[in-house]
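Look for chain A in each of the two complexes below; its partner is chain B in the first and chain C in the second.
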Partner chain A sequence: MKKIRYSMLAFIGLVLVFTGCNDAGKSSNGALSSGAAEKVYVAPGEQDEFYAFLSGGYSGNLTVYGLPSGRMFKEIPVFSQFPTSGYGYSEETKPMLNTSFGFVPWDDLHHPDISQTNGELDGRWIFVNGNNTPRIARVSLSTFETEEIIEVPNSAGNHSSSFITENTEYVVAGTRFSVPVPQRDMPINEYKGNFKGALSFISVAPDNGRMNLEFQLLMPGFNYDLSRPGRGKSHGWFFFSTYNTEEANSLLEVMASQNDKDFIAAVNWKKIEEYVKNGGGTKMPTNYAHNVYDEESHTGTSTMIKEVVTVDPTKVPGSLYFLPTPKSPHGCDVDPSGAYIIGSGKLSADITVHSFDKMLDAIENEKFDGEAYGIPILNFEDVLAGTVKSGGLGPLHTEFDANGNAYTTFFISSEVVKWNVGTWEVLDRKPTYYSVGHLMIPGGNSRKPFGKYLVAMNKITKDRYLPTGPEMEHSAQIYDISGEKMELIYDFPTHGEPHYAAGCPAELLASKSQKIYRLDENKHKYATLGANDARVERNGNEVHIYMSTIRSHFTPDNIEGVKVGDKVYFHITNQEQDFDVPHGFSIIGQNTSELLVMPGQTKTSVWEPKKVGVWPFYCTDFCSALHQEMQGYVRVSPANSNIDLSWSLGE
Partner chain B sequence: MKSLLKGIVLLFSLLLISCGGKEEKKKEGFSVDRQKTTTTKTADVTEDAGTKASERIDLTNKGVGPIKSMNLNSEIDQAMAATGKEVYDQMCLACHRIGKKFIGPAPNDILKRRTPEWVMNMILNPENMVKEDPLAKELLIEFNGSPMANQGLTEEQARAVLEYFRTL
Partner chain C sequence: MKKASIIMIIGPLFLLGLYIFPLWNIMLGAPQYPEPLGMNIHIDGIQGVSEFDIQNIDGLNHYIGMRKLPKPEDMWEFTAFPLVIGGMVALGVLIGILGFFEKLNYKWFMGWFVFMSILGILGMYDFNAWMVDYGTNLDPNAIMKLTNPDGTPISYKPPLFGHAKMLNFDVTSLPSTGAWMMFAGMMLTVGAFFMGKRAWKPKSKTASVVPLKVKTNDK
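Take a look at the complex of A and B:
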């Protein structure tokens, strides 16, 4: 009885302490306030409300998180080799990283964008760009695997990418660096007037998502920084921010900041599409890789393409205009209605908003302010819808909610500013920790935003987490934006350096997320579809091992007759057909990585034995109570031995 | 002398121990037979406990799962059995070999020991069977704790596999 009384007292005490704290918190600082913990708490066994796909920047990969919990679910390998699954190491996925420069096992992944229909997220695919060796990748949102990578020729620093038009007609990739087109040996200081910037329009097949580079717009030699599609009334246009309209080729930090205004380039892509369809444009010899992963054969193939259609925009009247935009604009964002184009001059305190209607009017009435390389420059005042007098410094990127509000990040003053689209009035501001770059609201780059949470992705971490030496992961912050004022509710670390993210409601993807690959649909050339098919074959010094796995053994698990100097292909088929039962494969001295093979999938690892002996292999993924028993041996004999190939299991 | 005697006794007893151990390993039936003879006077239940789960005959238990009752034609449907063999070779063979114990038991004569419902439920619902069906639970232990994998067969495929079992 006494005990109970004590515990009751203790309980009441606890409740008092907590509620007391909460009340105090509400009135003082935001993050500690009452609701924050509850708002981000997703109880054990419960699932998140939103998916968030964060770019991994220099990790080369894409990470999948849950909102509001900030829990990381998966890292999807895209441009970087990934030993965790064998991506880029297995024979099937090596072709995915092929380029005109050969095998490039890394890239700088920047801007995820989810496919859309009628301007709304449809959850079929997510597109991302490789910045360094220009590439665009398409990732399936049912398998969460990279299905296709296309290299972008004549481009360098593929940064104003990979944004899609509102029916996923095109994924657009713009060059950051202008370069000689075609590439040639010439003095660097002859840049001005000679270098070109390529804006590439890559079509997406509606049924299977296959990408095809339809045409490239060869633009003046500026830097093309970011881009957004028109939507709604402005569908058919694409907007690109530019800097270095000075065309400096050295010390850009100073030399590219001379002009008071650079441009947002407005491209009427429908006009150019029509021009190309009618035979316009120039076919230019080139060389780029197109890599496709086939889900049924579990195999990637790389094809080199030798030609590209280029378009000189001055040959297509009405296809291109420049909108003067102050102070080296970085972010170039379009509001959900498609009526406004927001240019964030990164050296400015203000945000410039252009009006699409005014732009059309200025074009029609030729309200021009000169031209650049034959391209009309529209008169600044005649296209300006308004200016957001933010009071912050260094605006970068803007996303939107569904209630007519915009949210802009400020790098220099380290904050997110909420403002009204139409009145341009600042409604709220909250600090970020620290130096925020991109931000993301699920659907915030579409006609239908889901304005509940805002994720700010910061460039500097400093003291936000326990220190881990000089190098730290970047910090991100989640804000609740469902009320009038933003509320900081959570901090979480990200992987690599997120440059932008895309998010969508969980129900858009969760139910169609694939669980297994069906064995009876496996068309891999070297699949072992039943244990009876397990075998070893020799073809010269190539040895092909057709091996299957199931809890918890390899078939076969004893192999003899392999010799030093052989090239041994382990083709592993996972015969499981149950959700979440992968098997791994690794062998001593493997010069690649392990393989992680999903149920019904086949993957291949090459092993070149260098030493005589009996060498073990084993399953790397804890698959059952008898996982530790899941192992086998390969006998490696001297190169000149005449031991016949043999294989067995349980004999 | 005494110590020699002691030594001999020790030697013999060691030999005996090792003999017993070896024989147990070689002949799996040995201990079972002896248990049977020593417990002949007790009830049938004890006899059951002494028989390995894989050898025990239980033609009433229908198991746990989607199949509640089914009737088999007296004639074997050869076409269905052929389909069943195809499915079996792809989905089951890695662990179940014909005519010999492998990772799991051999399917030969399974319908002399089990009801068709039990077999179907074991194929279609192995996770729950090893948790809830007493016989399946014992089988899991008999087969080294290696759980039967759910290979995602459709009911039709499982039925075909069952028909194939009838031809063995």
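Take a look at the complex of A and C:
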């Protein structure tokens, strides 16, 4: 009995001890999570520390977020029609989506990259790629609008794009699919040896960003997956990961996974640039669209270009080498110093790191391990800097902080792994939710990373948020990486399917973000500069309505003399010169979309009235207290009527 | 007297600041305008604090039926004020110079100050009258017709000096750099007057009288 009592006492004592421990544990957890809350909390009226530009994947657009709050600020229409603003529906922006295949109203946007000077982010433009119908777009970082889209000929699945060289000399676009170049009718199973992979170098004019396709390297028919510029000491080189060096044309899942090693292609673009400058390369007939949006005329124009310079790399000695890289590499990342090229074999547990110095040495001393289509393959061991024994599975992409650490995502094991560049030692690992693809550290693809936050963009959402049926937005996580260990601090849904993203400090962009377009600089052909200029003109069956908007009326707002069968152009000019006072325009039966017209801007919507009657139009943007009064009528008469055009306001 | 005269020359020159800097500033902040709209009232016209502020203030004023803010040619004051200020600067400097050569005495300094003050008060009176007119003489077909509890129409006259709440706007009206320079210049002329007064006594006739008196007192 005594014994039992003692053991009871002992048990109670133990319970107390454990309870005590539990309490302590709980309170420390509480402190930890409240610490995370403080880290991501941006108080009302306060602003974020960083901009983050997340690709929208199959939305075709680019989304702008703040870090660390994860709040979305804007969706920038790039490759997809966007009824919210009328992009791709308005007469001015339809040309932006023109291609050699005609009007393509959609694309798959993957890899944003911010312009750089001396390898550091300069915040002038952001470049993005359309994966499906190969295109590269340039988005202004003062207006946050798409300014230019260039189609990439001879390319298919524009995936190893749109990465820039360290002074934004070029934006580079590599093909994922190899295809017949030029395209022709041939059996698919004659792929091997006949198809080509085009790597395109598009120059960027330093003053206005204007793009020009300078040359294309016609490579062996592999799949070119991702790419990165050399920087610092490796500036002048560009690195592309490849898969399907087997050159399979069917069941690639199996057939393209047979070689133990594929390649990272190292391209000395300076050599090729010089070769082309000296008249090298072949001018090949082709056809591709170059679409430019002019900020002053608020109008896009599309020009078809009929020729491209192609370069056979074997004709330029020393311009191209293959670095064997295990297990179908996906990510191909260069560290901030430019000394290391990281290849992530997506079927591997390990990360392969090549040394740029060793590569130069191997080239000089011809440490070759054969060749492929006349291109030297460097000996794997002679270029290898190290292997990161990660303990994870399925490495994809690597970004860097400013302290010599690298962070690699693992799709299969669903985690981010932090490791040291140089010792290749794993320092930390944190799970992601779930199956992370790309990650982004602001400046993480430059010489100067801002290693405070890491954003992991996941492919699978499942139970992270309240369920919304079978289809959900993708999830992303923010980690604080300022300490030794990564700390998960936030989880937020993203729009479309973010692949890569780019980020930069807020102060790089915030102060130069444009507030209005100047009316006195509006050079639109159909601008209405002042309400006195408002009018209606007929030209055959085309009716041009020069309409102005100001809080809270359209001028004119009563229009008569329009007939069934007319093609009516509403040219809307917003007279406001006040920040954040857009006006919208919509009319019943509009077969396009509404227009959202920014202060000082002109946009045009075409309306083809099919029914006789008096049809209303109105402002779609709640512009003022009298927004609801901002409306008008168009009288549509039968096609054979002879009612004269007339227009008025306040009569 | 020489020192006082030099100050009398410098003082009126401060008024030249009015040709560069605004006399008055009125700022209008509201929930929708975290960066307030503002107008700077110069002696020769009204300018926006930011480029499009005047246009945007006019845009807002049209709801309550206010007339557009005047352009320089709409008001005689914007032509007259620069001439008056120029004249007063010239007069003040002239008085100072004549004082320097002892052609006139310190009382003229005070005379200039009083004259300038009267003109200033007249100017303020005129400015206030203009604001009353603008704030109360409204379009009868105005979009928004608001009344006080007693049924009289609301006045949108901005305060001459200080802060007032007008509908959703916080209106702050204060003298600006030009006015402060004018104020400083005028104070200098007052200083010149007192310096001149002090320097005047021991000089000229009284100067020889005083020691005489002292002597008499001693004995």
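By our rule, the second predicted complex is superposed on the first by the 618 of 651 C-alpha atoms of A that agree within 3 Å, B and C clash if a C-alpha of one lies under 4 Å from a C-alpha of the other, contacts with A are read in each partner's own complex, and residues count from 1 in each chain.
FYI, a contact is a pair of C-beta atoms (placed from the backbone, for glycine too) under 8 Å apart; a residue touches a chain by one contact, two chains touch by 3 or more.
Bear in mind that the values here come from a model prediction, so they are computed numbers and not experimental data.
Novice: After lining both complexes up on chain A, report clash or fit for chain B versus chain C.
Specialist: clash
Novice: Looking at chain A, which partner touches more of its residues: chain C or chain B?
Specialist: B
Novice: Please work out whether A:Asn532 is in contact with chain B alone, chain C alone, both, or neither, and reply first, second, both or neither.
Specialist: first
Novice: Considering only touches as defined above, state whether A:Gln577 meets chain B (first), chain C (second), both or neither.
Specialist: both
Novice: If we overlay the two complexes on their shared chain A, which of chain B and chain C does A:Arg551 touch? Say first, second, both or neither.
Specialist: both
Novice: So, does A:Gly650 touch the first partner chain B, the second partner chain C, both, or neither?
Specialist: Only chain B; A:Gly650 stays clear of chain C.
Novice: Considering 22-30, 40-48, 58-66 or 94-102, which region of chain B has C-alpha atoms that clash with chain C after the structures are aligned on chain A?
Specialist: Among 22-30, 40-48, 58-66 or 94-102, the clash with chain C belongs to 58-66.
Novice: Pick out the shared contact residues on chain A: the ones touching chain B in one complex and chain C in the other.
Specialist: Residues 516, 550-551, 576-578, 625-626, which sit in both footprints.
Novice: For the complex, which residues does chain C have touching chain A?
Specialist: Touching chain A: residues 35, 51-52, 55-56, 59, 63, 143 of chain C.
Novice: Over in the complex, which chain A residues touch chain B? Could you list them?
Specialist: It comes out as residues 516, 519-520, 529-532, 548, 550-553, 555, 575-578, 581, 624-626, 650.
Novice: Considering only the defined contacts, which chain A positions touch chain C in the complex?
Specialist: Chain A reaches chain C through residues 516, 550-551, 576-579, 625-626.
Novice: Can you list the residues on chain B that touch chain A in the complex?
Specialist: For chain B paired with chain A, touching residues are 89-91, 93-95, 102-103, 144-147, 149-152.
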